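Both complexes below contain chain A, partnered by chain B and then by chain C.
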Partner chain A sequence: MPIVQVRNVSKTFYRDRGPGVRAVNDVSFSIEEGETLALIGESGSGKSTVGRLMLRLIEADDGEIVFDGHDVRRRSPEELRRLRATMQVVFQEPYESLNPRMSIGAIVGEPLEIHERGLSGRQRAARVAEMLDEVGLDPALAGRRPGALSGGQQQRVGIARALITRPRFIVLDEPTSSLDLSVQGQILRLLQDLQKRLKLTYLYISHDLSTVSYIAHRVAVMYLGQIREIGSVDDVVNRPQDPYTRALLNAFLSPDPTVRTRDTYRLSGEIPSPTQVQRGCFLYSRCPSRIEPCASTPADLRQLDPGHEVRCIRAPLSQPLVTVNPELRTFGGPPRPTQKQQA
Partner chain B sequence: MLEVENVTTRFRSRRGVVHAVNGVSFRVGSSEIVGIVGESGCGKSATIRSVLGLIQPPGEIVGGRAVFDGTDLLAIPAGALRRLRGSEIGFVAQNPFGSLNPILSVAAQFHNLIVAHRGRLSRKQTRDMALQALQSVGISGPERVLDGYAHELSGGMAQRVVIGMATVLGPRLLVADEPTTALDMTIQRQILDLLQDLVRKRERSMILVTHDLGVVAQYCDRVVVMYAGKVIETGPTAQVFARPAHPYTQALLGSVPRRGEEIGILAGRVPSLIDYPPGCAFSNRCVHALDRCARIVPASRPVAGEDGWNVSCHLVSGDADPLSREEDVRAHRAG
Partner chain C sequence: MSERVLTQPGRRRSSAMPAIVRENAPVVLGLAFIVLFLAASFFAPLPYGPTTPDPLATSQPPSALHWFGTDANGFDVFSRTIAAAQRDIPLALAGTLASLVLGIVFGLLVSTKSRWSERAIRGLDVFQAFPLVIIGTAIVTLTGNRLESVVLAIVLLNVPRFMRLIRSEALALRESRFIEAARALGASPLRILWRHILPNVMGITLAQSSIAAAHSIIVIAALSFLGVGVSPPDPSWGLMIQEGARQMIVGDWWIVVFPGFAVLVTVAAFNLVADGLQAAADASQ
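== the complex of A and B ==
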């Protein structure tokens, strides 16, 4: 049984004048309990908006969002407040999401105040210290304000605040984008460990393919408000069938300077504005593999293999459109030092 | 182009003085891209903010020089530095929303920036410049973005608007703090190609603070590795990545995630920057640490006679790197 289901959800942002921005366009997916779905895709394609819609931080125009059998869009404010104890979010912009006047300790402890009211001040402080330690922060930072922390430290405060009540479902919007590899690894392990022990469910929004293939079970790829392709990590990363996914994966930068990764398969041409109404396939104007019918035939998601859906009308291709970046097979970095640091 | 020497910056806090930047030195040549990497909180942002005169109380620069084209940026009046910033030196801050004004349209912000440095230009002229800047960073529907406000932008769009503002006046030095964290890989690549082109063809320079080793490997000519407010290793990217000399650099490069493998993480935590340790700041986490590592600060010295490749580590004895050192010792014993 999926714990969250998103069905045909759309969102347009209107402004005083001019056409609205179609940020999310008829998006559907579901996530099983204990599963991680990664959401990747073009910057500005609607990923963060999907996350905010799921927690009803903003209102959808259309569609259904079902969490644990309840339609989130129909909950009363009181019911929603209770639901929030079990649904949390780590925002993409760490500093913007932290109250600059509150101490780190108060920020991280705030969800406990709302959802675990029985705790004494001392118990709460202990939980906060423990949580800070889990995300690799010195508990002595509890007394500082967000402005006195580095970008990556602020990001971890956001993660600590979201995890402290052990919610059942968490939207993680680029949670490790400001973290170095070692701290990033620590956070990913923590998330994975909590997931295994407590069956937590994650929507993991990221641009970082190596963390995605480490933590996610399935991946959805977004472009211009739509899901272009969705499937297992193996399907999407190893056998991508949509031209957008292929172009995206091809741009991966190898961490090995001796491997000069060239993106031979790239998007070109005019980038359509999300205010324009598209006919046919949304990728048409930039697609390296377009053919005549793509201009007018709507590209709907359809199943290629069980669990693997794609929009491109040409998929599956008998011949691969490109040889997908060989680097992606291993995410090979420079050779590991022979004498490893202990894990 | 830029020579940073011994920059030292502290923050006063209730618990004591935070030694965020402790005598950082590095140089950036013309037509060169220098990457700065290091653990979260190690002083990367504080270093570049010091150089750009952007440290505010309770922070304080207590020493050092940053010579840009013959001028010490740390010694000139704030007004002169402000004139340089934005025109001669472009800056992309780590938090893009922090550099955008929430109540002015993007077009108005471009206009104010341009006229502040270039004098009277019409709205139409500045708009055209802004439009071109936004197009070059791959913004879809730049007209809509120009007439919009910061809160209407996605994370990656805000980042691109700030990159557009930092480059619109053609600075000779671009300092970018994590400029592509919110960008997808195709746009990231497009923007880095664009910036690299500017640097190479027009003899500009760039400092790129990043956690993304792919960005360093593919775009940075040289890399500066920081740990606990100090530069612990610096050198040409190719050499440092192929044979990292410092145990921290080794650990960092060794933690590139690989599919199907347990993720590599470094045990232990950075020492508190308030009670700064007397010896090598990495010694408490270093698997190779010797007795003296915790007591004596290692000096920076050249690695294996290579030009421009330096490391601060007691284990590196001048001509051997620590990877081969233990083998040397073993061979020596056996022989």
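== the complex of A and C ==
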């Protein structure tokens, strides 16, 4: 039984004048309890908007968002407020997501002030200390301001704040992309560890494929507000069937100069303006595998294998597929690749 | 600043005010000047009564007997310049404090990006278009000439400025990630205003309030000059400047220069405090 289901959700942003930007276009997926679904795509693909729509930080135009049996979009403000204790978010910029005028203890304790009003100040402080310890921070840091902490520590504070009310579902909106590489690994390991211990469900939004294959169970690839391909990490990363996914994987650079697995499968041109209404396949203007019907036939997601859905009408692609860089699967993982990198 | 945070983690909040003062000589200097001036106006033994003229010594130039000279009525300019602080400084502070409180409340109220708050700000535009002279005259016509009307004038002049400042700061803050995080936590709009927006606009608001206090001194002087507020023979810098200006024609420069200088240094003292508070607010961000 999935804990979160997103059904046919759309969102268009309107400016004062001119056409609206269709940021999210009929997106559907579900996440099982204890699972991590990664949402990847380039900037402007609508992946962060999906996360915000799921938490109802912005209102969807259309569709259903079902969390734990509740339609999030139909909750009253009071019901929504209570629901927020069980679904949380960790943002990309750790410093900007912490109030610079509040102490770490006050930041991490605030969700308790909102959701568990019966607690005394002492009980709250105890819970905060416990939570800080759980995310690997010294509880003595509770008296400091966010500015006195390193980026990795700040992100741990963000995680502690998200977890203190014991939520079941967390949106991780690029939680490591503004951190140093070494700190990224620590944070990812912490998130993985917490997921196992607390049975958390994650929506992991990222554009960094190496972290995705490390932390996620399934991957959804977004382009211009649509999901292009969704499936297990193994299916999507090792056997991509959509031209967009394939090109995206090819664009990923390896830190190892001896790895030469990139093929010449590339998209041409720039990402079209999301204000333009596309007929047919959204990728048509850039796709190396396009054929005549792509221009006019809308491409819908269809199941290729069980649990593996693709939008391209030509999938499975006939050309021999990419040998994906093995580094993709090895970020911070078992010792084998590390040794290889050093060699 | 960050180094001290590291050495005394738990005491950040309680030590904030003394730390600001310790690190900011200008704030200390400005405050000390204001307090001393105010204390002197109440308690210092003045050489002559500020409201008792000496008809035998009119329009005397500065001398050992009358340090700042005397005016056309025989009032001792030195005694009056000091005694005027009794009214001028408390009026300025009361007006500023009232403006600060009202400005924060109304500023936060209009700090949403709604059509309603846009209209409120447009309304302020119209209001602010009236010059001080008109507002002062209108208030006195409506309420009579009392000291309270001076405070009212200061409030009417300053509240729109505070509102604008707080609104523009708050609108920028509302876009910030930590406000979105607070909403994701389920924080109510009131909690977001009180716990997240207010503390982050306080620094710049305090700095603005010192500027407003300095401005108030000038407003009181201007209103007294118009005959509003402090009435003769009670001393006020504005009134003294008004009377002194007339005597400039016959060369009696001391009547206008000394109270003018008192306004100058008081305003400078408030500005020192303002600059110091602003710097402290920036440093702790």
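The working rule: the second predicted complex is superposed on the first by the 265 of 343 C-alpha atoms of A that agree within 3 Å, B and C clash if a C-alpha of one lies under 4 Å from a C-alpha of the other, contacts with A are read in each partner's own complex, and residues count from 1 in each chain.
By definition in this document, contacts are C-beta pairs under 8 Å (C-beta built on N, C-alpha and C of every residue); 3 or more make two chains touch, one makes a residue touch a chain.
It should be emphasised that the depicted structure is a prediction, and the values quoted were computed from it without experimental measurement.
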>> Touch test for A:Leu188: chain B only (first), chain C only (second), both, or neither?
In response: first
> Does chain B (first) or chain C (second) touch A:Glu93, or do both, or does neither?
Replying inline: both
> Between chain B (first) and chain C (second), which does A:Glu35 come into contact with in this model arrangement: first, second, both, or neither?
Replying inline: neither
> What is the contact status of A:Asp242 with respect to chain B (first) and chain C (second): first, second, both, or neither?
Replying inline: neither
> Touching A:Arg82, do we find chain B (first), chain C (second), both, or neither?
Replying inline: second
>> So in the superposed three-chain picture, is A:Glu229 touching just chain B, just chain C, both, or none of them (first/second/both/neither)?
In response: neither
>> Tell me the contact category for A:Ile114 with respect to chain B and chain C: first, second, both or neither.
In response: second
> Which of the two partners, first being chain B and second being chain C, lies in contact with A:Ser103: first, second, both, or neither?
Replying inline: second
>> Which partner chains sit in contact with A:Gly136 here, chain B, chain C, both or neither? Use first/second/both/neither.
In response: first
>> Let me check the overlay on chain A: which residues of chain A are in contact with chain B and also with chain C?
In response: 93, 96, 140, 143-144, 148
>> Applying the document's contact rule, which stretches of chain C touch chain A when the two form their complex?
In response: 2, 5-6, 9-13, 176-178, 180-188, 191, 195-196, 199-200, 285
>> Considering only the defined contacts, which chain A positions touch chain B in the complex?
In response: 13, 15, 18, 21, 40-44, 47-48, 92-96, 136, 138, 140, 143-144, 148-153, 155-156, 174, 177-186, 188-189, 207-211, 213-214, 247-249, 251-258, 260-261, 263, 266-267, 271-276, 330-334, 336-343
> Which positions of chain B touch chain A when the two form their complex?
Replying inline: 11, 13-15, 37-41, 44-46, 58, 94-95, 97-98, 138-141, 143-144, 147-148, 152, 154-157, 159-160, 177-178, 181-189, 211-218, 237-238, 241-242, 244, 247, 250-259, 262-267, 269, 272, 285, 287-288, 323, 326
>> Give the list of chain A residues in touch with chain C in this complex.
In response: 55, 57, 80-82, 84-85, 88-89, 91, 93, 96-103, 110-111, 114-115, 140-141, 143-145, 147-148, 158, 161
